[in-house]
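In structure tokens below, several structures.
Two complexes come next, and they have one chain in common, chain A, joined by chain B in the first and chain C in the second.
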Partner chain A sequence: MDMQTIVFYSLAFAAVFSAILLVSLRNIARSLFLFFVVLFAVAGLYLFALADFVAITQVMVYVGGILILMLFAFMLSNREMFRQLQRGTAHFIAIPVWQALPIAILFLTVMLYTALHVGRNEPPWITASREAGTVIRAADNTVEQLGVHTMTHYLLPFEVVSVLLMMALIGAAHLARKEGDA
Partner chain B sequence: MITITHFLVVGAWLFSIGLYAVLARRNAILVLVGIELMINAAILNLVAFGRYDSSLYGGQAFALFAIVLAAAAVAVALAIILNVYKHHKTVNPEDISDLKD
Partner chain C sequence: MAFYITYIVVAIVLFAFIALFTLFAVYSERKVAGFVQDRLGPMETGRYGSLQTLADILKLVQKEFITPSAADKVLFAAAPVVIFIAVFLGFAVMPWAPGLAPAAVHLGLFYVIAVISVDAIGLLMAGWGSNNKFSLLGSMRAVAQIVSYEIPAGIALISAVMIAQTLNMQEITLNQGIHAEAPALFLGIWDVGDIGGLLAWNVFQAPHLLLAYIIFFIASLAECNRAPFDIPEAESELVGGFHTEYGGLRFAFIFLAEYAMMFLVAMIGVVVFLGGWNTPLPNIGSLKLAEWTTGLGWGIGWTLAKTLLVVGVQLWIRWTLPRLRADQLMSLCWKVLTPLAFLCMALSGIWRVWVIGGG
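And then the complex of A and B:
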């Protein structure tokens, strides 16, 4: 095993184990900090697919924005939650858990089967791309290419996303305003 | 050598864990974290397949759009959760059963 494989496997295990721990812990604050670990590990995995700009965006948007928002929301709404947690463990193994677990495992099985299938017989477009030499190489300047394509070929999705961001901004501001002063 | 199967397997795990969080957790914030995990798994697949498309960079471009969508969704959802908490004094989705008080 070379260095690359070892780093990939450690990042993948960090992501998956932190995610499993995240959904099984009962303390919400710890879960949110584990989410931090998952996001960093997944950003590291993006680097292995030669998507450096996406990895940086992930760290900036998710860790810098979304996680802080979630911590704020947690701290603003946790008083009742702590009381619920202390009140009892009656719901510790609730019905939804043993219903949810088989559903999740079934999804996992189907997707693992598909992934291994894709690994065995490669899709024809990937083979064609490898033969044509249009695979992204480590030396390519991804940021420049992404900028050019965003402004030319993907201009319509870019505009749609910007309109959606504005809608989300207005909607969030509307929801967060005080009751009464409409 | 890191093949595409490696990425797909990690993505499958993350997606299933996110699905479990959405289905089983009793806290709206953790349900949201589960949705984010599933979006991250999808982005990982986009990026992994996008590696074989250096003419248009489709995978990476749409990964960026997906990150933007996730951020917008989280902002609105957290505003809704805080409002729901103000009204019902709980963020457990099972206790929130009425649309109008």
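And then the complex of A and C:
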């Protein structure tokens, strides 16, 4: 067992363990801070997939933005509102959460199928690109390729996303405006 | 295995350096404050009070851990560690000299900006965990300020990166001196690749980058909660802000993180705008000053000298300017710095395409 395997499994364990703890805790403040551990551990796992840009973006957007927003929303909200959420149900399997069960089973099936099927016989396109040498290595500069592809191959989706974000921004500004000013 | 031991040794050396820097910075902070306010500062312990901070640390280390009974024990204990580690992680990609950086990654600058934003989580943890109104208010203010000022700081850095064309901190530095692989153009017209020195630094590569550096410097003061942006720990309003309830070694860690953050943001500014480990002395004809003063030892020396100079300016500003009000702080960020930073970014794009040309 080399260092990489140890780091990989400890990150995976941290992610899974804190995710389970997150949904089972009754203390919302602590769950939100545990969410931070989950996001960080998953960002570490992205590094093992050589997706360093995705990993850093995850830390920047989720930890630096969304998680802080959630904490703010939590800390500025009325305590009574969370009473209900914090009480929850005492039983492990309860009627209110039955919707989660089929989704979880579906995900598990997909993952097991992929792991068993693709893990045993490698798809031909992966073999082909490995033989042709068109693979990303750990020392490659991925951000340059990402930039070039975003501005050429994927320009239309990129523009559509930016229009969507613009709409969200305008909507947010409209919601935040005081009534009666218009 | 020796590979991993090197990493651990590097981390320990960096930690020792940060601790040493904090000792030195606290002492100089008090001396600068004394000078600005026309008094002497610490004078009793050691010659000219030089052992004062050492004595302070000794006192802090001996103190008992006190946890308020109403506090969230886990969050309260974890917060100082998270705050310090967030800043400490940032040092992983900072270049010190030619070929000398703990890790030379392609996304270095992006990584540093992302990791610094984790600091805000630690502050919220401290504020919430203390279960104290002053702490919570202080941490809310701190986070609102850090999140807002990240935008002008980040965009000012991007406008420099657009000229430098790389996020790798080591490459950004390399291209601001005599070893530049890309042409270093003074004001976009005069190739100073052979002359180097001061003229090849990023602040002089395009006229608006000087403005970008000023924006970054102001925003970085707010990001490390320094005066005139120290409203999160405003003593006259909030007792001590988010660290009101902390004492002993935990308080020492929060303090260590604050000074490490000062050094880190100063160093980011130095690397991206002020030439990093490059010498400020240019080659003048046969007087090859730039070539004589570039190297491993010189590099570390220049990085330290420049960064400490910027830290000195931070201290000077702290004891000169009064604190801003919360609404003034926000309007400065959103109505002045952010539009100017966007202007710098747009200018960088135009400069890159039409003045420097090619890519």
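One rule holds for everything that comes next: the second predicted complex is superposed on the first by the 147 of 182 C-alpha atoms of A that agree within 3 Å, B and C clash if a C-alpha of one lies under 4 Å from a C-alpha of the other, contacts with A are read in each partner's own complex, and residues count from 1 in each chain.
In this text, a residue touches a chain if its C-beta (ideal position, glycine included) is under 8 Å from a C-beta of that chain, and two chains touch if they have at least 3 such contacts.
Bear in mind the structure is a predicted one, so any value in this text is a computation, not a measurement.
Peer 1: For the combined arrangement obtained by superposing on chain A, do chain B and chain C clash, or do they fit?
Peer 2: fit
Peer 1: Specify the partner with more touching residues on chain A, choosing between chain B and chain C.
Peer 2: Of the two chains, more chain A residues are contacted by B.
Peer 1: State whether A:142 touches chain B only (first), chain C only (second), both chains, or neither.
Peer 2: both
Peer 1: Identify the partner contact of A:53: answer first if only chain B is touched, second if only chain C is, both if each is, neither if none is.
Peer 2: After superposing on A, A:53 lies in contact with both chain B and chain C.
Peer 1: So, does A:14 touch the first partner chain B, the second partner chain C, both, or neither?
Peer 2: It touches nothing on chain B or chain C.
Peer 1: Who does A:119 touch here: chain B (first), chain C (second), both, or neither?
Peer 2: Once the two structures are laid over each other on A, A:119 reaches chain B alone.
Peer 1: Measuring by CA atoms in the overlay, how small does the chain B-chain C distance get, in Å?
Peer 2: Between chain B and chain C, the shortest C-alpha distance works out to 14 Å.
Peer 1: Kindly list the residues of chain A that each of chain B and chain C touches, one partner per complex.
Peer 2: On chain A, the residues that contact chain B in one structure and chain C in the other are 53, 57, 65, 72, 142.
Peer 1: For chain B, which residues are in contact with chain A within the complex?
Peer 2: Residues of chain B touching chain A: 1-21, 23-27, 29-30, 32-34, 36-37, 40, 43-44, 47-57, 59-65, 67-76, 78-83, 85, 89-92.
Peer 1: Mind pulling up the chain A residues that touch chain B in the complex?
Peer 2: My answer: residues 4-5, 8, 12, 15-16, 19-20, 22-23, 28, 31-32, 35, 38-39, 42, 45-46, 48-51, 53-54, 57-58, 61-62, 65-66, 69-70, 72-74, 76-77, 80-81, 84, 91, 94, 96-97, 99-101, 103-105, 107-108, 111-112, 114-116, 118-119, 122, 125-126, 129-130, 134-137, 140, 142, 145-146, 149-150, 153-154, 157-158, 161, 164-165, 167-169, 171-172, 175-176.
Peer 1: Can you list the chain A residues touching chain C in their complex?
Peer 2: Of all residues in chain A, those touching chain C are 3, 27, 29-30, 33, 36, 52-53, 56-57, 59-60, 63-65, 67-68, 71-72, 75, 141-143.
Peer 1: Going by the contact rule at the top, pick out the chain C residues touching chain A in the complex.
Peer 2: Per the touch definition, chain C meets chain A at residues 4, 72, 74-75, 78, 105-107, 110-111, 113-115, 117-118, 120-121, 124-125, 128, 136, 140, 143, 147, 150, 167-168.
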